[in-house]
Amino acid sequence: MIIIVKNGTPAEEITRISQELHDTWGLTVEKSVGQNKVVLGLIGETATLDPMQIQNNSPWIEQVLRIQKPFKRVSREFRHGEASQVVVPTPNGPVYIGEQHPVVLVAGPCSVENEEMIVETAKRVKAAGAKFLRGGAYKPRSSPYAFQGHGESALDLLAAAREATGLGIITELMDAADLPALSRVADVIQIGARNMQNFSLLKKVGAQDKPVLIKRGMSATIDEWLMAAEYILAAGNPNVILCERGIRTFDSKYVRNTLDLSVIPVLRQLTHLPIMIDPSHGTGKSEYVTPMAMAALAAGTDSLMIEVHPNPAKALSDGPQSLTPEKFDRLVQELSVLGKVVGRWSTPDQRSLVALGSV
Amino acid sequence: MIIIVKNGTPAEEITRISQELHDTWGLTVEKSVGQNKVVLGLIGETATLDPMQIQNNSPWIEQVLRIQKPFKRVSREFRHGEASQVVVPTPNGPVYIGEQHPVVLVAGPCSVENEEMIVETAKRVKAAGAKFLRGGAYKPRSSPYAFQGHGESALDLLAAAREATGLGIITELMDAADLPALSRVADVIQIGARNMQNFSLLKKVGAQDKPVLIKRGMSATIDEWLMAAEYILAAGNPNVILCERGIRTFDSKYVRNTLDLSVIPVLRQLTHLPIMIDPSHGTGKSEYVTPMAMAALAAGTDSLMIEVHPNPAKALSDGPQSLTPEKFDRLVQELSVLGKVVGRWSTPDQRSLVALGSV
Amino acid sequence: MIIIVKNGTPAEEITRISQELHDTWGLTVEKSVGQNKVVLGLIGETATLDPMQIQNNSPWIEQVLRIQKPFKRVSREFRHGEASQVVVPTPNGPVYIGEQHPVVLVAGPCSVENEEMIVETAKRVKAAGAKFLRGGAYKPRSSPYAFQGHGESALDLLAAAREATGLGIITELMDAADLPALSRVADVIQIGARNMQNFSLLKKVGAQDKPVLIKRGMSATIDEWLMAAEYILAAGNPNVILCERGIRTFDSKYVRNTLDLSVIPVLRQLTHLPIMIDPSHGTGKSEYVTPMAMAALAAGTDSLMIEVHPNPAKALSDGPQSLTPEKFDRLVQELSVLGKVVGRWSTPDQRSLVALGSV
Amino acid sequence: MIIIVKNGTPAEEITRISQELHDTWGLTVEKSVGQNKVVLGLIGETATLDPMQIQNNSPWIEQVLRIQKPFKRVSREFRHGEASQVVVPTPNGPVYIGEQHPVVLVAGPCSVENEEMIVETAKRVKAAGAKFLRGGAYKPRSSPYAFQGHGESALDLLAAAREATGLGIITELMDAADLPALSRVADVIQIGARNMQNFSLLKKVGAQDKPVLIKRGMSATIDEWLMAAEYILAAGNPNVILCERGIRTFDSKYVRNTLDLSVIPVLRQLTHLPIMIDPSHGTGKSEYVTPMAMAALAAGTDSLMIEVHPNPAKALSDGPQSLTPEKFDRLVQELSVLGKVVGRWSTPDQRSLVALGSV
C-alpha cells in the first residue's frame, strides 16, 4: 500500500503519520521524497487493511493505493509461475486436472432421482468419455417448496453408480453436518455458487482431504472468488478447482446467466489452480450448451461440467438446461475434433467412444 | 402458469399435453379456446416448476408464462393486506418494528473489539435514542487473513453491554454450530448478505424462536430475497425483518454498494414484513450515511441500522463507514426533525436525547 | 499518474523510461527513491493516457496508477469548493437551481400530445408549484414502430403552454439538426440518457447559450457522466444540470430502473453542478414516485422532475409512471412539509397552492 | 398481448374493457373463457404498447403479458428461418459475411494516425488474411481532452490504404453531418456502442445504401440491440451486421468489459443477421485477444474484429488491447487450424498467408 501526501504537508505531520501507522498496525513506513509530492510506502501486513482506514489518519493524506494482490497461496507467483494439477483418485484410476492435461469431462444430472436413472446416466456418460459423474443429493433451491434433493439416500445411489462405472463422483455440500456422509461417496466436494462466501463451510472443506470444486458466486469478482479459494488453501487443502457457471448481468431474457469465458485467460495469469467451465448453468438452455462448451475448450479450459439427464422434460430440477445422453454423445464427438487440434484431447477416450458405436 | 399453444395445434395433441401434465406433475388443465389461440391454464402446485420444463413437453407449445408470485407466507395477501410487526422483548421492554410504529434505530460497531469499547458505545447510542446495539462476534471477511471477529468471547462482551444498557442485541450468525451460544445473547439473529441463500442456515433459524434479520444478498433479486425469508417462515418462525444494505452494480468507485431505496415502496406492496435500511454498508463511507439515512426515513423505512464506533480510524473492520458517537448524535437529531413531520418518531426518545444535552 | 518500478530495476532502464515518456507524451518524470521501490511521478497532461500504455513501455514497470480525477471544469475544486447555480430566465422571472436555493419542481407529460392537454397540464403543474414544464417533442423509443413524438409541431404547442403559463420549458434534443427550432422554445435543453455519450451532440449544446440538462446514461459511471458534462463546459457552456433517472441493474421486475440516490452526496463532493432527480423514469411506476421524490428531497437534491399526465391510462408514452394532476398536487403538499423542515422550500409556491384550494 | 382477468369479474366489465381497448388503440379482443379465469387475447398493433397502460384500464385486470417479440424485420421468422448474408463489394472483390460463409477477419488500428502507419498496417493484415481494414477517423472518447481522431483527413488516409491493398474499409460514423464524406471511403459504416440508441443516426444510416455494422451498447439487452438494428431495416437498409464488443458488469478489474459470447447461439435463433465478435474491445487487453477470438470462432461467429497496431505502446488510443502485426499473424494461424476443423475457413486466405512466409 502506498500513501500520497498532499503538497505542503509539514514534515512533523509525516513523522506523526508514520509513527501512528507503526503503533496501530505495526507497519514500517518508507518515505520517497519527490519535487512536489511525498510518497509513503507501507511495509508489513497490509492485506487486511482498508485504504480508507489509513486515509482517516490525517487530513494531509491525499490518496491511499493498494498495490498488492489480496491473495497469496492461490497466486501463480506462489508456485513460481507454474500451474498446479489436481489429481483425483477414482476407481478407474487417477484423473489429472490441469493445464498440462487433456480436458476432463464431468457429466450427469442436476439431482439424483432414483437408482436406475443415475446408474444408467453414469454408464452413458462414461461411455461417451466422461471421467466424473455429477449429481446433487442436496440441492440449493430458491424456493422452500421446491424439490430439495433426496439427501443422504441419494448419496447411496451415487455410491452405486460409482461402483457400477468406476467414475469419480462430484456432489455438492451445503451443510457442514453432511460432510462425513458426503465424504464417504464424493471424490470431489462441490461448493455451490450460493455458498461461495459461506466462510464457515470453506474452512471446513479446507480442513479435510478431498479435492474441492468451488463455483463462482453469481456476482463474485475474480478477486473474491480467488479469496474464497484462498480460504481453502489457507486451511490446509491445496486441491481446489475453480468453476465458472455464469454471472448475473442486466439481461437474463434469453440466457439464465452470462457465461464469462474471459475468466479462462484471466485466471491463467493470476492463479495456478485448474479451471472448469459449466455451460449448462452458464446459459440455462440445452441448445446453447454445445457452442459454449466448444468455446470454452477453444479458450483453454481444463475441464467441462455438463448436465445430462435421460429425460430432461421430466427432470425434477434444471431440465431445460440438460442434454439427453444422445446429445451428450454428439457434443463429445464435436469436442474431440476440436480438442485434438488444440492438443487437449485424450486418445483413449476416443477409443471407448468409437467402441460404443455412438459416433 | 399458463400455456399458449401454437395456431393449428391438433386437438389430440392438446389432450396429450393435458394428460402428460396431469400424470407427471398432478396438474389440472383448464382449456380456453379463442379464435386463433388456445390457452391452457394450469391448476395445481406450479410454484416449483420451471416454465421451460413445461415447454419441453410439446413442439406445439408456443410459450409458457408464470402468472403467480413464487412466495406465499411473506406476501402481503397472506395477511389480507395488513402489515405485520415484529415485537422484540428487550431488557428495556418490548420494541415494536413495523409500519405502524416509530422508526427503530439500531447502532453499534461492525465488530466487538473489547469490553470498554462495546459498553461505552452501547451507552452512547442508547442515550441518542437507539433501541438495539449491533456488533459482530463472527465476521464474514473476504480474506482468510483478515480479522474474523473475537467469536464466543465477543458474545460475552455483548451480554455485558446488554446488561449495562438494557438494549436489545443484534448479531450475525455464520455457522449453525454457533446458534446455541449466540441465542443466549442475541435478541435478534442476523443473517448476512453472503449467507442470504445459505438455505441450511435459513432452515435452522426458521426452526427456533428468536426474530431474524435477513440482509439482502449483493445481487439478490427482490423475489430471491423474499424467498429466502419464506424459508424462515415456512420453517415456523414468523418474525423476520428485511434489511437492504446496498446491491452490486457496475460502479463502485465512490460508493461500496448502491443502496436501493426503491425497495421500500416495492416491499410495502409485496410483503407484510418490516423493513430496515443500512446506509453504512449501503454506501461504505461515513460522510454519505446521514443523507441516505434521511432519504430512507423519508421513503418510509421502519428501521435504520447505523455503524457507530468510538474511534473509526482504528476500527478493526469497516472503520471508513462508521460514525463517531458525536456524529451519530447529530444524525439522530436530524432524523428526529424529519421523523416528526412524517409521523414516525417516538417522543420519549427525544426526551432522553435532550436529557443527555447532546442536541 | 505514478509508476511503481520493480525491485532491482537498473538505473539506466529508469532513465530510458523517463526519456521515452518525455519524448512520446511530453511528460516530466519525478523520481522518488525508497528503500525497496522506486516511484516515478508523471507531470504533464496525463488525463488522456491509459495506464496500460505507460505499462507497455518496459517490463520493469510493476504498476501504473492514476491519481488524478479525469475531469476539471466540472470539479468542485475548479470553483474552490463552492457550488454553482444555474439561473434560467423564464417568462415568470429567473429560476435559480442550485444547493443554496429552494428545490425546483419540473413537471409535465412524457410527450406532447395536443394543445389542450399540454396547456391544461402546464396550468395544473404551475398552480401546484412547478417552475418548469417538461414535455417531449422528439422521443427516443426503443422501437421504430412506437410513437416518436410530434416533432416540430409539438414545439409550437410547448410555446403555447409557455405563453399561457409563463413556465420555463425543458425538452429533449435528439438530433443537432433540430437545435435551431428547439432553441426558439426551450429554456433548458435536455440530453437524454441514450445520448449521454453522443459526443457530437454534446459539443453542439456546449457551443450555444441555453442551459443544458444532462441525464445519466443507463450504465454510466459517475466519472463518465461528469466527463459528458465536461464536454459541454469545455465547449463553452457552464450552465449544466445533472439529472439522475435510474440505472440498469440485475433486477427490473418491479422497478424499471434502480434510482441511485447516493449520487446526491457523491456529486456534492465531486462537482459544483446542480443536481436533479427523476423518480418517474427512475422507478417506472407512478405509485413509487412519491416515496422516492421524498427521499430525494431528504437526501438534498436541488430539483425534481416528475411526469404528470391528465390521463395516464391513455398516454401515448410512459403512462404507467405518470401522476395525475391531482396526485401531483398531493405530492407537492407532502414535499412542502418536508422541504420546509430541511430549509429547501420556497414560501410563495405554497401560497399559490393554497390559493388553488387543492391542498 | 394477453390479459388475465381476475376471478369474478362481471361480464359487463369485460365488455367495457374490450370496448375501451378497441376505441383507444384499435385492438380487437378475443375472449377465452376457462373455468376460473377469463383470458383476453389482443389482436392488433400491440408492439408499441406498454403492458402497464393496458393494466391501468381496469382494477379487474390481474395481469397483462406480452407474448410477441418486439422486432420483426430482423427476426429469423421474417426470412422463414433462413440466415441472411451481407455482401460487401470491395476492390478485391465481393466479401460475403454470414453463417454459410468462412469467417471474415477485420483488422486494423483503433484510430488512423498517419499514412505510413495505416497503409503499412493494411498491407500486413491483408497478407495475414484480413478482408477489411478497420480504423477510426472520428473517435468517441470519454474525455473532451483526449485525442478525438484526425477526422476528415483520416478518411483520405483510409482511402489511400484501400487503394494500396484493395481491402474494404470499416470506419465509425458519429455525426450524421459526416455521412457524405465518410461514405466516399467506407465500405461498411460502423455505429459505435455509445450511439447504439442514437435513433436519429440509425434512421440516417438506414436511409442510405452502405452496409452497417452496429455494435452492442455497453448495457444493451439483446432485444434493445435487435430493435436498434430494426430501425435500420425499417428505414430501408437490409444490410446490417451485429457486433458484440463486451458488456458492462460488476467486475472490470482484469477485463475492460465482459465479452458475452453466448450472444452467438442466442442471435442465431432470434435473427437472420450476421454476427461479428470484437475480442479486443471485449477484453481490453491484447493478451486475452487470442483465446477469446478462438472461443468466438468455436462458438460459431461469422466474423472477427481485431485491433492491430504496428506499435501498440505508442498508439494514440487503445494501445493496450492492440496486437502487433506479428501477433496477428500468429492469431490467424491459430484460427486457421480451428477454422478448418469447424468448416469455417477460406482456403485461399491460407495460401496468401503461406506465401508471406509468416506462418
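So that you can tell them apart, the chains are marked A, B, C and D in the order they are listed, and the count of residues begins at 1 in each.
Note that a contact is a pair of C-beta atoms (placed from the backbone, for glycine too) under 8 Å apart; a residue touches a chain by one contact, two chains touch by 3 or more.
None of these values were measured; they are calculated from a predicted model.
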Remark   = The chain pair with the larger count of contacting C-beta pairs, comparing A-B against A-C, is A-B
Message = Just to confirm, which listed pair, A-C, C-D or B-C, duplicates the contacts seen in B-D for more than half of them?
response = A-C
Inquiry  = Could you work out how far the Cα centre of chain A sits from that of chain D, in whole Å?
reply    = 32
Whole-Å gap between the CA centroids of chain A and chain B = 28
Task = Quick one: report the Å distance separating chain A from chain C, using the average Cα coordinate of each chain.
result = 41
Ask   = Among the residues of chain C, which are close enough to touch at least two other chains?
value = 219, 223, 248-250
Task = Would you tell me which residues of chain B are touching chain D in their complex?
result = 2, 4, 30-39, 41, 43, 62-63, 65, 67, 219, 248-250, 252
Query = Which part of chain C faces chain D closely enough to touch in the complex?
reply = 24, 45, 47-48, 50, 52-53, 55-57, 70-71, 140-148, 174-177, 194-195, 197-200, 203, 218-219, 223-224, 227, 230-231, 234-235, 248, 285, 312-315, 318-320
Note = chain A partner, complex, touching residues on chain D are 219, 221-223, 247, 249-251, 253-255, 258-262, 264-266, 269-270, 282-283, 287-288, 291-292, 294-300, 337-338, 341-342
